[in-house]
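Multiple structures are listed underneath, in structure tokens.
Common to both upcoming complexes is chain A, partnered first by chain B, then by chain C.
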Partner chain A sequence: MDFLKRLRRYPVALAAGLCILAVVLTALFAPVLAPYDPDEMDTATRFAPLGTPGHWLGTDEFGRDILSRIIYGSRVSLLVAFTAVAVALAAGGVLGVLAGFSGGVADVLLMRLMDLLFAIPALMVALGVVGLLGPSAFSVVVALGVAYTPLFARIARSAVVGVRSAAYIEAARAMGASPARLIRCEVLPNILPILLVQVTASLAWGILDEASLGFLGLGVQPPTSSWGAMLTTGRQYMYQAPSIALFAGAAVLVVVFAFNLFGDGLRDLLDPRSSR
Partner chain B sequence: MLRYTLYRLLLFVPLLWGLSVVVFVYIHLIPGDPVQAMVGASASQEFVAQLREEFGLNRPLLVQYVDWISGLPAGDLGITFRSRQPIAPLLLARIPATLQLALAGLLIALLVGLPSGILAGLFKNSPFDHLFSILSLAGYSMPLFWLGTLLMVWLGVSWKVLPSQGYVPFTQDPLKNLQYLVLPAVSLGLGLGPYIGRMARAAVIEALQEQYVNYAHAKGLRMRTVVNRYVLRNAMISLLVVFGLNIGFLLSGQIVIEELFNWPGAGRLIVRAVLERDYFMIQASVLIYASIFLAINLLVELLHAYLDPRVQLK
Partner chain C sequence: MPLLEVDDLEAAFLFADRTVRAVNGVSFAVEAGEIVGLIGESGSGKSVTVQSILRLLPSPGRIVRGAIRLNGVNLLDLSREQMRQVRGRRIAMVVQDALAALNPVIPIGEQIADVFLAHTQVKRQTAWEKAVGMLRRVGISAAEERARHYAHEFSGGMQQRTVIAAALACTPELIIADEPTTALDVTVQQQILALLQQARSELGSAILYISHDLAVVTHLCDRILIMYAGEIVEQGPTRTLFRSPKHPYTQGLLASIPSLHGDVQEYLPAIPGLPPNAAALPTGCRFAARCTFVQERCRAHHPELVSVGSHHAVRCILYEATTP
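So, the complex of A and B:
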């Protein structure tokens, strides 16, 4: 509750948060909100233009309703981004906390491995993983999860190193707390805000990267609708139906923008010193 | 500086070695058999065995690794799976187009990002700063390929101001080459520019808060002198470091832009390799891209240490 009260002082972040909530609700209630089945083809109404009654955003090359496909596409984008970031947070968080907390050889080895993965641009890592597993939603989740893990590991480690020698940790240790308890009750709650800000930023990248992979033909495969894949078809049919690419891209832009604004606000809220 | 340079170079070697191990292991992470995955499940066992023999995949892992890595210094990256062509010349042939696009994109990004970011930082909380913050964040959130598609449709197809897709080598027809370069380079530059702008703003604000800036003001120096001589020079140093770390963004963005504009760079080669499941090609390209990324970062670190000698002491 306290958090929500404080969030009210950041109206832009609050608005962005509401926008994200609206998109999440749209994804959840897609069957109710979408006027048509996203895969329903109607060859009689192929390439219906913008503003056609019944198909307000027009139809694509198979006569499928673009609005419905964008609404359903939000499911893929959000699901892939959320799961990939959850994977990266879990894997990177555990590795980083272990490395930072244990120190010594384990720390050096783990972090050098993370440095190596970090040295490969995220999209390259993702391309490599999709190459291994073949293009699918699952591959994209694994690919982005692997690609983002080093960043979370680094952040978690440096946050742990920062609090490791704090007085309250020493006190808990002196009271006989086990390492597991120290991590769970003392370290984690204190590094959570830092991780949370990173989660928001990563969700924005997740949606962008999912769309990029989809655009390259390496994401979710047809007929499932995803924003990235819609941009690829939109490019092919740019003359007949410009609204496919236009609105799919706009959807990505709005959601990513909202996540970025929310992340910025969250950072200022959790660490007022960073507010400039 | 010499000692520091040697020290960084010495650290670079194990990093490259580690990279080679990770990239080598990659091909053996494939669930099941890599050859089977490349030819498809319907291929006969004999055919798969024959291919494994041909590509040396039936030998012990260590032998394969030593064989592979000993070829690297001579530029032997192996051969592609589909066409059995040597990989190195294929990649090398794509370098001019890739490099040209990367440099042009970077130039545009700097031209757009630096002045606006610096101004926003100098005039923090002014209307311009607020406008900059919103626009740069929106630009940063924009999918590169969407921006590229819009530019292509408006300038290339509707207004026919510029050719929308394709490539002509500079050596063949310099003017045409530049015409084809404009749209992809602008798309890449406008994608990266907001990011550079945000970094520049943060760096300027940080530099403005330093003691030496207060001192310079107290000495009675003109604002222009303080900015040019103290703020910008120091802001550029921190900007350099952040930039080095984010060169990956440029490399990734480039892959997408090359695909969109049919620009025959190395990025398209990689995407095709992934689509065709040519693991040898993927392996080689990841190695090359990551090495370039590491090398640029090494250069940035050395440059940083040269510009800010305090770094060498750490």
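So, the complex of A and C:
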């Protein structure tokens, strides 16, 4: 409740948050909201233009309703992005906290490994993983999860190092807190806001990268609709039916933008020292 | 048997290129319910002594020799887990910088509750209620509401009260207070000292009070230990030490306290010079270089701590001759 009350003081973040909520609800209630079955073909109405009654955003090369496909596409985008970021947060968070808290050889080894992974662009890592596992939603989750892990590991580690030698950690140790308790009760609450902000930023990247992989044909396979795959087909029919690429692109843009704005607001909001 | 017995403690920092001998053969005891002041200037080894007692010496610090007994049990023999059980429950710590000692992102009450949770099998709700009770006990008004606040919303005095509340949480047998009033203004200082005295009388906790300021501890402590360059140079009951200080260093310290009685002094006498480098300690008396009564023998001979009265001992060549 306190959180929502404070969120009101950040109107941009609030708007972005509502936008994300709307997209999440759209994904959840896709069967109710979508006017048509997204995979239903109708050769009679191929490439229906924008504003056609019944197909307000038009139809694609198989006569499928674009609005319905975008609505269903949000499921793939969000599910893949959320799961991939959750995987990266769990793996990177654990590795980073361990490295930062233990220090010494473990720290050096873990972080150099992460640096190695970090040196390769995320999309390249993802391409490699998808190449190994074959294109599917599952491989995209694994691929992006692996690709984002070093980022979370680094952020978690530097945050832990920042608080590790703080006087209140020493004080808690002097009051008999065990290492596990120190991490859980003293370190985690301090680094959680930082990680949470990174989560929202990474969700934006996740949606963008999922679309990129989809665009390259490495994401979910047809006929399942995804925003990235719609951009690919939309590119081919750019002149006959610009609305395919246009609205898929707009969906990606809006969601990515919303996550970024929400992340910015969250960063200010979660700092108890911020007085706004 | 004394509550705490530090026996011939020697702690050093073993750097690659040099060894800093921070504490050299320190022995003292604290009886149950007693308030003992450990006085010394920066670098005299008082903080290292405390860190050794809690076995929390920062790397590369090592306890080279000696024993630290709590009710006869040598803490240096305990396992990590057993030692963890001692910290906070049997020996609690109050530090100088209370704001830094409190976690900035966790409400005050929860931090005190965490001490209960670390040492006792209580539910979170019970721990929270106990924490609020502790805050009330250390004189924080509207404790229930205040417990939900963060450290930066508290005044300096309230922050220190909170740290004391956390220290008193498990009714420790010994409270180590490391300069808890240094960062506070004088009126608040008195309140904190009164609070510590109250802790002794209500809970029966003994207090080891670390300070560089002899004036602050006079009314609080039963007994005083003066540390200089890693060793105790004089120890005795507070009254005795003030009436007849024996060691030239103690005399110098007392002379540098401004007096409210008698003539206004033009200037406060200061002890000239600096303490010796702990990485290269002199062979003779460690205070020799700054001592007004220094003799030739002082530079070669390292004096022993000798008794000069009941519970009064001093480490100075001037008094060594009187005992065989």
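Everything below uses one rule, namely that the second predicted complex is superposed on the first by the 269 of 276 C-alpha atoms of A that agree within 3 Å, B and C clash if a C-alpha of one lies under 4 Å from a C-alpha of the other, contacts with A are read in each partner's own complex, and residues count from 1 in each chain.
The criterion applied here is as follows: contacts are C-beta pairs under 8 Å (C-beta built on N, C-alpha and C of every residue); 3 or more make two chains touch, one makes a residue touch a chain.
Remember, it's a predicted structure, so these values are computed and weren't measured experimentally.
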With everything superposed onto chain A, say whether chain B and chain C fit together or clash.
fit
Going by the contact rule set out at the top, does A:R235 touch chain B (first), chain C (second), both, or neither?
first
Most chain A residues touched (candidates chain B, chain C)
B
Please work out whether A:E186 is in contact with chain B alone, chain C alone, both, or neither, and reply first, second, both or neither.
second
Would you sort A:K5 into first (chain B), second (chain C), both or neither based on which partner it touches?
neither
Identify the partner contact of A:L253: answer first if only chain B is touched, second if only chain C is, both if each is, neither if none is.
first
Chain B and chain C, minimum CA distance [Å, superposed model]:
21
List the residues on chain C that touch chain A in their complex, please.
54, 56, 81, 84-89, 92-93, 95, 97, 100-106, 114-115, 118-119, 150, 152, 163, 166-167
Which of the residues in chain B end up touching chain A in this complex?
15, 18-19, 22, 26, 29-31, 124, 137-138, 140-146, 149-150, 152-153, 157, 202, 205, 248-249, 251-252, 255-256, 259-260, 270-271, 273-275, 277, 279, 282, 285-286, 289-290, 293-294, 297
Please output the residues of chain A touching chain C within their complex, sorted ascending.
166-168, 170-178, 181, 185-186, 189-190, 193, 272-273
In the complex, the residues of chain A that touch chain B are 112-113, 115-117, 119-124, 127-128, 130-135, 204, 208, 211-212, 215-218, 231, 234-235, 238-239, 242, 245-246, 248-250, 252-253, 256-257, 259-261, 264, 276
